[in-house]
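To keep things simple, chains are lettered A, B, C and D as they appear, and every chain counts its residues starting from 1.
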Amino acid sequence: MSATRYTYLGPEGTFTEAALRSLPEAATRELVPMVSVPAVLDAVRRGEAAGALVAIENSVEGGVTATLDELATGSPLMIYREVLLPIAFALLVRPGTQLADVKTVTGHPVAQPQVRKWLEAHLPDAQWESAASNADGARQVQEGRFDGAFAGEFAARLYGLEPLVTDIHGGRSATTRFVLVGRPGRTSSPTGADKTSAVVWLGDDHPGALLELLQEFAARGVNLMRIESRPTGQGLGNYCFSIDCEGHIADRRVGEALMGLKRFCPKVRFLGSYPRADEVRPQLRPGTSDEDFTSAADWLSRCMDGRGEL
Amino acid sequence: MSATRYTYLGPEGTFTEAALRSLPEAATRELVPMVSVPAVLDAVRRGEAAGALVAIENSVEGGVTATLDELATGSPLMIYREVLLPIAFALLVRPGTQLADVKTVTGHPVAQPQVRKWLEAHLPDAQWESAASNADGARQVQEGRFDGAFAGEFAARLYGLEPLVTDIHGGRSATTRFVLVGRPGRTSSPTGADKTSAVVWLGDDHPGALLELLQEFAARGVNLMRIESRPTGQGLGNYCFSIDCEGHIADRRVGEALMGLKRFCPKVRFLGSYPRADEVRPQLRPGTSDEDFTSAADWLSRCMDGRGEL
Amino acid sequence: MSATRYTYLGPEGTFTEAALRSLPEAATRELVPMVSVPAVLDAVRRGEAAGALVAIENSVEGGVTATLDELATGSPLMIYREVLLPIAFALLVRPGTQLADVKTVTGHPVAQPQVRKWLEAHLPDAQWESAASNADGARQVQEGRFDGAFAGEFAARLYGLEPLVTDIHGGRSATTRFVLVGRPGRTSSPTGADKTSAVVWLGDDHPGALLELLQEFAARGVNLMRIESRPTGQGLGNYCFSIDCEGHIADRRVGEALMGLKRFCPKVRFLGSYPRADEVRPQLRPGTSDEDFTSAADWLSRCMDGRGEL
Amino acid sequence: MSATRYTYLGPEGTFTEAALRSLPEAATRELVPMVSVPAVLDAVRRGEAAGALVAIENSVEGGVTATLDELATGSPLMIYREVLLPIAFALLVRPGTQLADVKTVTGHPVAQPQVRKWLEAHLPDAQWESAASNADGARQVQEGRFDGAFAGEFAARLYGLEPLVTDIHGGRSATTRFVLVGRPGRTSSPTGADKTSAVVWLGDDHPGALLELLQEFAARGVNLMRIESRPTGQGLGNYCFSIDCEGHIADRRVGEALMGLKRFCPKVRFLGSYPRADEVRPQLRPGTSDEDFTSAADWLSRCMDGRGEL
């Protein structure tokens, strides 16, 4: 039954599965791997799954464009949770393989820049070929098509491989951020340490529009945490912006900034407000708390009655 | 009885009286001249008058500082109406005086720059001495202390003088703007062509605060019509700002800008929203009408329920 | 001979004379009082005096509009020095007068708000009438036209009067700022604690122009110290802005901000860069020192040659 | 010899080769395909090639992160030319293959979103697997590993394949932008229709830094054409920005904006100024032409000599 099913980008043994299993409720769900980010999300759109976990950003590789683009277009979805997973690769080989035997390696294209430095240092002559996923690379090693696959250490057992080298990463603090996505619904209550995501389309004819977008947030003391331009498909030079900001849509400063965007931008898609995985509470600029907004609204009402200074 | 009494800066025969008489309701009020702007306004504060008409700005001389400072400090007052009066001076003399006889002239200090060019051209050797008001200057001419007074032509009859020269002014379109002030009360309804006045104190320790003040208005597409810095009396370099903007406090864009100021500024005094004397309706920037604000607020509510795109 | 002559707003015994005498070089100059700010400055324009000292701003009363307007229009003048003078008034009376005898008082209109509170407390029934200057008020007391004059204590002896009450002022730290004005010439060298003055006209058709003006300074980390709107004489709603900023035109950040104004504003009048009387050195924002500008310019040149990172 | 050699992302038959051959000088160069973007660029860094052509942006898929990251880090390179290539795919098959026979397809990961809609409509059951490049996919079809490859029609002949379907694309005006990269050197002269690229690192501790970055350009009337955030590898939330703006570093408005960035940002890497492939000349905002900058600089010099209004 769909209410108990979560989809994720498979096959089994990917980092995404590991991230999904870190959610407490995953224990009581059926976890279904699928072949592509669109497939994962379409299952949710069609009601065949209650949720889907997809990578959205990596600290080395940047935004996961398939996810960003799927969330920006098509039938709307919303983000309800985020998961941060430190990423380290293992070089998985068939049992008995020595490092000197490794002539060909594979992995997801996103893994390539993260293992490149290691490859240059330790296997400068190895040929890289991309696989559909890290786990799919492991499967292809199992099948003998490649000598080694970069994947999570947890994938070794699943494919009868051995981790020859572990803890390979592309820089300090390599982390992937995943989001749990569902069909649009009521946002969860603010926790005080929240994040809000949206996609914003700017009018084409207005060069200063990105500056105005940032000012809507800055004017209310709301920090942007991520901004990513994505093509709209309308030709080079046409972008929409995928953004995350501190705070919850129910926070007055965030709500007012979003309404500001809604008023001057051709299109804004709200992607959700949800607890920050790092549980960091924002430092509020003076004058931007809910109490400040409420007391300013009270003052405005009193002003209209001539009691602004009472 | 106070409800039927309006005060103004006297004596009789000033431009202020002429401006006051241009208000329809003046016909049914007792019009009481007083000796100073503070006296005029204190009569309203004490409830001895229902309203007071005072000059606030002149197109040649600038802000009337006594009025600006009285409205900014002391017990609060509100502006309910504005009157624009084109200003042209007459040179009033005792009957029979010729231009060649005029050796000494007088008038309110505000009149001086407006008649200076005329004096240089026609009476370069005349001695100027300031009077408490233009009408008071006329009275002193009547008493023989000066040979000529610059005042409104309408003041001649009152003091038994003759207008020797008329239509003297300091530049094209010399205009004085007066405001009708009363005790704080409910603002009148928006007319679509309104103006809002306020005084804003910025924190001392923040050099960019004036920029932020302007941005609160700019971010909501509200044009500032006048901005005047006034010292706070706390030493050189400490200013408050007296401002007029387009629109009415009940207009959502104006209300939100005022609340923004209220949240980040140490003090904001709302001085009123009232019909523009020139009846000009503002050109709204896209996204700033009340409908735009309402539909953005509806959208925000729907977003919280997961129905942002319905 | 003009090179040794300085003019000031007379008559003798005004605060302006006291401020002028605080300049070391005043000891070797002929100090000539004149009847009005325009007269004082026109003497310099005509070459009849080498310099003129005029009040430009008071911490209680605000800008001295006659000075601001004279500097903004007419044949150009430049500011070479500023003087700050703490202002306290004495009530000057004819010898033997008691406080109870004082029924009429006089003084310059600018003095009125500064002595108002004292008058309300000690002479609530005294009649105020404006005089052309504080010293002129003293003269009129000498002549018997008024009972008391508010002026500097130093004016008493000159007019045979006695200071009945001293140290009257309108608030803590009442200070008047004077400027020494001369014909346009080379600015003095930067001292590290300088101030720059200018008048800026904004295009009429551009509501955000004041915001842009402020941003030209903010973008280069230059603090504005004073901004004063003045009517242009072209009708209500048309203003120019008289500004002081921290720093010297020869400081790169200040020069670049001024050039920015020059490029987008219809008219900018540079009024001079001169040592700050308070000798306060500005706190530079990172990236705004002359060294930062020079090294950025060097970097730009190297970039054009492909050596940006050398 | 290196001076006559250009590298590109091979194998032969890719869109990159087609783009490279559109450059007139390609006719006299040895064109060398290489296996990865890093390999292509490192050949230039080591002096083994005079230039390299790499894709940097696609109108459907967005920025080519391998290129963006290679240009941002490592030994500096510069962009000397850009090429725009409309992208349409052909489905290449072994001679005789019918559409109904196609069960497995391949292509570069970047091609996938561009052919996805076509696949859903015409081959909904076909299995996609990524190849290292579009041409490499063609080679694998030749070898029989896949039934069809998405690649440029021009690649068919090279691999003995036939274009079964042509003109497949992911949206209207699918275009890829390529850049010709070389070792740092003198920029070419401005043509009046130029573009400038740079990478900018913002300080971490400063939430408003992106706003300031945009303002450096906006203040000088320089339009940003592309802005792309890329992770710095220092953990989630740490970004640098890859930007393109209108104009040439030798244009005064662009140079001043770049120097502004250089002064307040921890690091700026200039990537070059080069002719726009679309040959569009920017619409200059008033006050931002080189003449405006020069005359403002002249004015500033005159101001220092007291001749600002001559």
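Things to note:
Heads up, the rule we're going with is that contacts are C-beta pairs under 8 Å (C-beta built on N, C-alpha and C of every residue); 3 or more make two chains touch, one makes a residue touch a chain.
Here's who's who by UniProt: A, B, C, D = Prephenate dehydratase.
Since this is a predicted model, take the numbers as computed values, not measurements.
In summary, no chain was found to touch both subunit B and subunit C. Between subunit A and subunit C the centroid-to-centroid distance comes to 58 Å (mean Cα coordinates, whole Å).
Centre-to-centre, using mean CA coordinates, subunit A is 25 Å away from subunit D.
Chain geometry summary: the mean Cα position of subunit C and that of subunit D are 56 Å apart.
In subunit D, the residues that touch at least two other chains are 215. Viewed as a contact network, the protein chains form a single closed ring in which every chain touches exactly two others. Working note: touching chain pairs come out as A-B, A-D, B-C, C-D.
Subunit D makes touch with subunit A in their complex at residues 35-36, 38, 57-63, 65-66, 69, 84, 109, 113, 116, 128-132, 170-173, 175, 177, 207-208, 210-211, 214-215, 218, 223-231, 233-239. The touching residues of subunit A, counted against subunit B in their complex, run 76, 78, 183-187, 215-216, 219, 249-250, 255-256, 258-260, 262-264, 269-270, 286-288, 292-293, 296-297, 299-300, 303-309.
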